[in-house]
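Both complexes shown next keep chain A, but they swap its partner, so chain B is in the first and chain C is in the second.
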Partner chain A sequence: MMIKKISALAACTALVAPAAFAADMADEMTIVSWGGAYQSSQVNAYSDPYKAKNDGLEVVWDESSAQAVSKLRAQSEAGNITWDLVDVEAADAIRLCDEGLAMEIDPDEDLAAAPDGTSAEDDFGDMLVSDCFIPQIVFSTTFGYRTDMVPDGVEPPTSACDVFDTEKYPGKRALNKQPIANMEWALLCDGVAYEDVYDALETDEGVERALAKLGTIKDDTIWWTASAQTPELLASGEIFMGSAYNGRLFSAIEEKKQPIGMAWDWQMFDLDGWIIPAGLPEDRLARVKDFVMFATDTQRLADQAKYISYGPARASSAPLVGKHATLGIEMAPHMPTDPNNAENTFVNNYDWWADHRDDLDAKFQAWLAQ
Partner chain B sequence: MTDATMDRGSADSGPMRAADGTPLKRSLARSLRMQKIRALALVLPLLIFVLVTFLAPIFDMLFRSVENRIVEDTLPATVVALQDWNPDQDELPPEDVFRAVYFDLFLAAEAKKHTRLGTRLNYEMPGISSLFRGSGRAMDDVAKDQVEAIEDTDKKAWRDGAFWYSILGGDAGQAEIEEARSRFIALQGESARGPVGQSWCAVRGVLGAPCAVAPNRTDLKFGLSPEAMALLPRTSRQYAEFGVFAVLEDGDVLQEEDPWEAVYVAMALDLTDPAIAPRIASYTGPGAEQLQAAAAAVATLPAINFKDAMAAVDEEWLDPEVWRTIKVNSGRYTSGYFLNAADLKLGSDGVEVRPENERIYIMLFKRTLIMSLIITGTCIVLGYPVAWLLANLPSRRANLMMILVLLPFWTSLLVRTSAWKVMLQQHGVVNDTLVWLGIVGETGRLALINNQTGTIIAMTHILLPFMILPLYSVMQTIPPSYLRAAKSLGANDWTAFWRVYFPQSVPGIGAGSILVFILAIGYYITPELVGGTTGTFISNRIAYHISNSLNWGLAAALGTILLVAVLVLYWAYDRIVGIDNVKLGG
Partner chain C sequence: MSFVTDTFRPSPRFTVGLVAAFGALAGLFMGNAQGSLLFGIVAGAVLGAVVGLGALALAEGKFPVSRAAARWAIVILFAAAGYAIAGLASAVVAGLAGCFFGWFATWIANGTYRRGLAPYLTPRQVLWYYTFRVIVWSILIFLITPILVVMPLSFNAQDFFTFTPEMLALKAEGFSLKHYHDFFYNPDWQQALWNSLAIAPAATVLSVAFGTLAAIGLSQPHVPFRQTIMAILISPMIVPLIISAAGMYFFYSRIGLQGTYVGVVLAHAALGIPFVIITVTATLVGFDRSLTRAASSLGANPVTTFFRVQMPLILPGVISGGLFAFITSFDEVVVVLFVGSASQKTLPWQMFIGLREQISPTILAVATVLVAISIVLLTVVELLRRRSERLRGMSPG
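Now for the complex of A and B:
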């Protein structure tokens, strides 16, 4: 609430006195992210060093990324964009780009080249999935479980499909209150081949089948809306296993020493990055472009991996990933891309989701309410 | 003077008059009117405040439940072309509808507004949103052969904006350009700035913060050539649309811009039109050579079939259901949102029930009503004894109890709800205590949260003061001597309570019940936090549509229905119990 007020206030002052900073950069910036351990890694790796270089700059963090699309739509409807930079998943970036709510960028002009001179476009490579998307990390949605709640004499879960096995692993589950990832797992664990999952989801029968599979655990499931919830629910013993982003589970396990294990099989692989909302005033745009240039360079992306186990999205950052900033442990084995973790990986089809998100959201939410 | 003498006096000498000779009645009315005006002037600020900040936004929001301009604004030509198509037959619309949808969708995709229409129609036909999104990306490729064929005849000329303007530009065509402009404004969802807005902007200009120039007042700095409009009507129309877009959206100068594909496609249509082709051959105006070359090039290609082209973009365009959905929902006003709120939809032959997996709202309304009644009931059962104690204990102890009742009332709602989460969860205080006492086993922990039980428990606690306070204030006014009198006349404790005390406390129950029930029926935050999926109310759904799915029309329709339901219940209550029997205080 406070955050919104502050940024609204900032927008007002910008309106009243446009002449004062018009040619200059704004001295305040509102960044939207996912909260929790992930957001603090961004504060540590990007915004604190940037603030050290820019005296008097105020950075306001908002934790609304999960509702970024709908909130940006509403802001654009109201004609008052209060956000300067928004952290979103690739599928949402594509959607926002299609809707004209995100600004198109030119990688070679707006992003820093690698230290060896490779252009940003080549260094990010395939990660540039949309004209508006500024890639940041690769992450995966995986399952965490309470190691002390595994029934006696039973192997601990290793795969996403174990979430559907309530006989072997009794107890509550937590799943994202969104169709993305859940629908794929449901079909995959119901016997649909990996390659056919999205084709099946395009048909009514496929959607029915996925929902029916999810229906087998609907009564045992708590649906989370913020990515910090699963680690909390695991820590309090409220659930036996639940889906969460791998970096969240890493911080619960390694930093907070909770009795949590990870089931890496069929992790859902995805991209995350920034978008700049379309239609920002000049001074704010200048500021945010300056920040993005800084925050997505090779060193900064590698720095972020010191705080959370997400892989940097540029090729040149990968060799620089080292140890955790405070714990001193090697980060590489905790990355979703590590060969030990990536035996079976489900690569999220963000293009497909960008087109079908509205349809499946409607069906999924109606199913949830029933 | 008594009434009798006054009556006689007036009968004797006509109406009574005031000192200045006007009839007393009129004089009195005038002075009363002055008083009324003065009173009105006093409440006027508040009245205006309420109107502007409360009623107007509510009506604006409720209006969204029937407003439906988006289909007509985004696909104007398609809506017109679809008028003659009969949706009842299982046939696809004719070719001219496909042609209209191509040009409409092309412009919408350039303006990036096609996704909004897809989202709107997705409410009526789940699955249509991806059709619009995907198609928007592929619009540039429709009739690619023709576009390339024209371009290949003289790349240098056709990629030059000035060359295009030399053929199509001129000093005429204001009507066509204004039509394109108003279409652009409607598509962008902007309202043309009227005189009021213009004078406000003049004030802002003086204050040093001028408005941006309104799109309906911008000088477009181009016109159409009358010769070209006669020779190439489709091309000229598309060129005007492109020009308006280039100037207003991109801030470009039309004379420097190479037009987008839709203008090429329109030109291919014109050049292959049998009525136009002979006139092209004898045309001698600017660009005649290139036009004749282009006509020859497109003549070698098969004619553009928009139906096939749209099918190549996405096969779903060949599904009659898509066209039926567009046609049925093309009106400026719609009953779709209200029908949706009642699990119905508008089919081609009238109202029909939605498929089973989309039916949720009636169930949610029922659940909201039933759970609100249960919560009201538990509040009565729990609140009545407390209120009785409050009213009958010596005042010192009663005050202490009152503080205990009010303390949670003063605590933040979120804190209380979160506290219930800690209490009720699987490893929470309640379950741990039960396990420790051996009442339930380790595996048989009770599910008290994230379901209806959780909602009922937490909401009963949160709404309890609203029941206790009116009950207490009514009970305070019941003299204790009545009970003593009843007992002295031979009633036992129960009879004395039931026949004497209880009937007198009914107004308190009525007031408390109305308060609790109306608050419960619209409650949002507590069910959201502790209700899981089975314990949520219709208001959670409204909130979801307001802030997540942005289906404001449906949210407004659901809100209207909820409001009407509460008013009907209130009316029924008034008829059965009588609103005069409700007491909020002594």
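Now for the complex of A and C:
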């Protein structure tokens, strides 16, 4: 009840007089994110404008999203929650919500409605995959390749399945050192229909079939553990093609002018967003809710796309996506959700993975060690 | 065969065979890199044999040129051939290879390698003499190459850890100071640098103060449970760091020290104390206790005795312990990740996330700066040590 009252107050103050009730809110906020170009897009689109409206507010950024789950567990056990807002992938948000480490939110109460009056719940739509998850962006895991290493007289790769074709495209590959995405691609490219992939992965034969398909390129594959590795390996010419998050590839291609092309087909969609840790003191919670209300509105999500090529999670933000902040190129064609890039897409089944992750992780790591 | 080593010459077969074998070895690496192993070995062996024969003829005085001129000729021939095959970069590599083979062939053919060694050594002992040196140098190179490779890469004009073609061709546009600029102007790196520069000295002062006191106390024979106390005090050094870190995290969280500067300084001081205790205890072994008794018999109180008599004598141990404590804090990433929060981000923390999230060459620039600072620090310490040795040598007694 109290929380609702505060957030209602916060909503009012945001509309009427931003500084009037500032005394009830903490004047420091620790936000956890992924670092790199992604985090700077959040600083530029969300926290800098918010700080401009709220004098004296201090925002500390912590690049610890990769360990968000384990660190939040430790903080809750130690009874000392030091984070105010955490950027996590959808699958982690589901886990944190199940464990009670993230706070449940009410989209219509805590998030701003679209400018045309559509409620937040409808505007975010399917992206609200968990009661605790505040969606921010749609990103995809997709493939980049060296344009100057494509053999003469061969069409450049266009699809994730081309990674398995070592005859046509010789050279090393880079794949994520995790079963997620790799297992789906392996089955799909081995002829399993899109709808049947997760059903097949539930059977032992399906898992073996996927690993066998991956086995055909195992000797040519470098397994990455940090998302910056694939662009690095591509830039140094050590691999011909590799999977990476599309924003990282965009940065290497457009901002750093590397000879890299994108193979969009069967890109793997995933979601990223905020969670608020459970058990924050009242003044900090009020501050975070005020910030989230601001940072996830239609305009702010569209603004973020000026700095990095991830698609905004709100339907109403899409028409507002404009040009890159410094390069001045249109961002829409670089979005994973652009119709030209999204002919064949694979939507990651978070719920399925939440149930099967431990099992498949073990099998995949054992197979890697063979 | 004469045993006057100055005129010793190995057999022609030995010279040609050995140089050809080295040529084959070099060819093996080159061939492997180019994808044609066998061709590399054969070509390397033939080239080596030719150079060996040339050196042999030179040693027997069949060419009217000096040895130096012959070596230069080989370097130029190799470099020209390398340039003809694959441009400037390979010319440099080939020139270096020519340099080595020219020197090596004449060194063998003239029997120079026997000079300076005892004449009674068997061939096997001579072989071991040089093998040993090669092994020693290889270890040194193995240890130092990763550090050296980082330095040119930190001047990369690109944002990746890559030697670009422009860099290899030594063109100016391939190099840039922008990663150094990033280090000195990016607020993230600057905050991390100043945090490190604030935390490490504070932790060092605490470690040195407590560590020295503990070492002096523990060196008194009448202290009970000395061994046990010592073991507990140096346990942070023995217990895996991650366990200390997790323990400190939960403890400091409860007492409100987690995420504060004081907490990080205390944690680093705890890690540094064992180093100080060990080095100071070692110097105290050579400390003559009758000096303190003499001082107190002359009326000095214990504090004066410590600062005027004992401290100057054990200073080398205190300083080296302090250096270790400083470096421990300055290099430490595990404990600070647990005990600190983002506002206490130190240099190693920033490097750690930088490496994981963006792999930016700024890390290489920082590494180069840190290596330079370490070299300066070590040089200063060594100079001070020599100075104090010199001064001690001049003082009477």
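To be clear about the criterion, the second predicted complex is superposed on the first by the 336 of 370 C-alpha atoms of A that agree within 3 Å, B and C clash if a C-alpha of one lies under 4 Å from a C-alpha of the other, contacts with A are read in each partner's own complex, and residues count from 1 in each chain.
Simple rule for what comes next: a residue touches a chain if its C-beta (ideal position, glycine included) is under 8 Å from a C-beta of that chain, and two chains touch if they have at least 3 such contacts.
These numbers were taken from a predicted model, which means no experiment stands behind them.
Once the two complexes are overlaid on the shared chain, A:61 sits against chain C while remaining clear of chain B.
By the touch criterion defined above, A:123 lies against neither chain B nor chain C after alignment on the C-alpha atoms of chain A.
Once chain A of one complex is fitted onto chain A of the other, the partner contacts of A:236 extend to both chain B and chain C. Between chain B and chain C, B contacts the larger number of chain A residues. In the superposed model, A:256 lies in contact with chain C only, and not with chain B.
Of the two partner chains, chain B is the only one touched by A:362; chain C is not. In the superposition on chain A, no contact is made by A:283 with either chain B or chain C.
By the document's definition of touching, of the two partners only chain C reaches A:82; chain B does not. In the superposed model, A:74 makes contact with both chain B and chain C. Counting contacts by the rule stated earlier, residues 74, 77, 236-237 of chain A appear in both its interface with chain B and its interface with chain C. On the side of chain B, the complex with chain A involves touching residues 111-113, 115-116, 118-119, 122-123, 126-130, 133-134, 136-137, 208-209, 357-360, 363-364, 425-427, 443, 450, 532-533, 536, 541, 544, 547-550. Partner chain B is touched in their complex by these residues of chain A: 15-16, 18-19, 67, 70-71, 73-74, 77, 95, 98-100, 170, 172, 208, 211, 218, 222-223, 236-238, 354-356, 358-359, 361-363, 365-370. In the complex of the two chains, the chain A residues touching chain C come out as 30, 34-37, 60-64, 66, 74-75, 77-80, 82, 226-229, 231-232, 235-237, 256, 258.
On the side of chain C, the complex with chain A involves touching residues 158-162, 246, 249-250, 253-254, 258-259, 341-343, 353-359.
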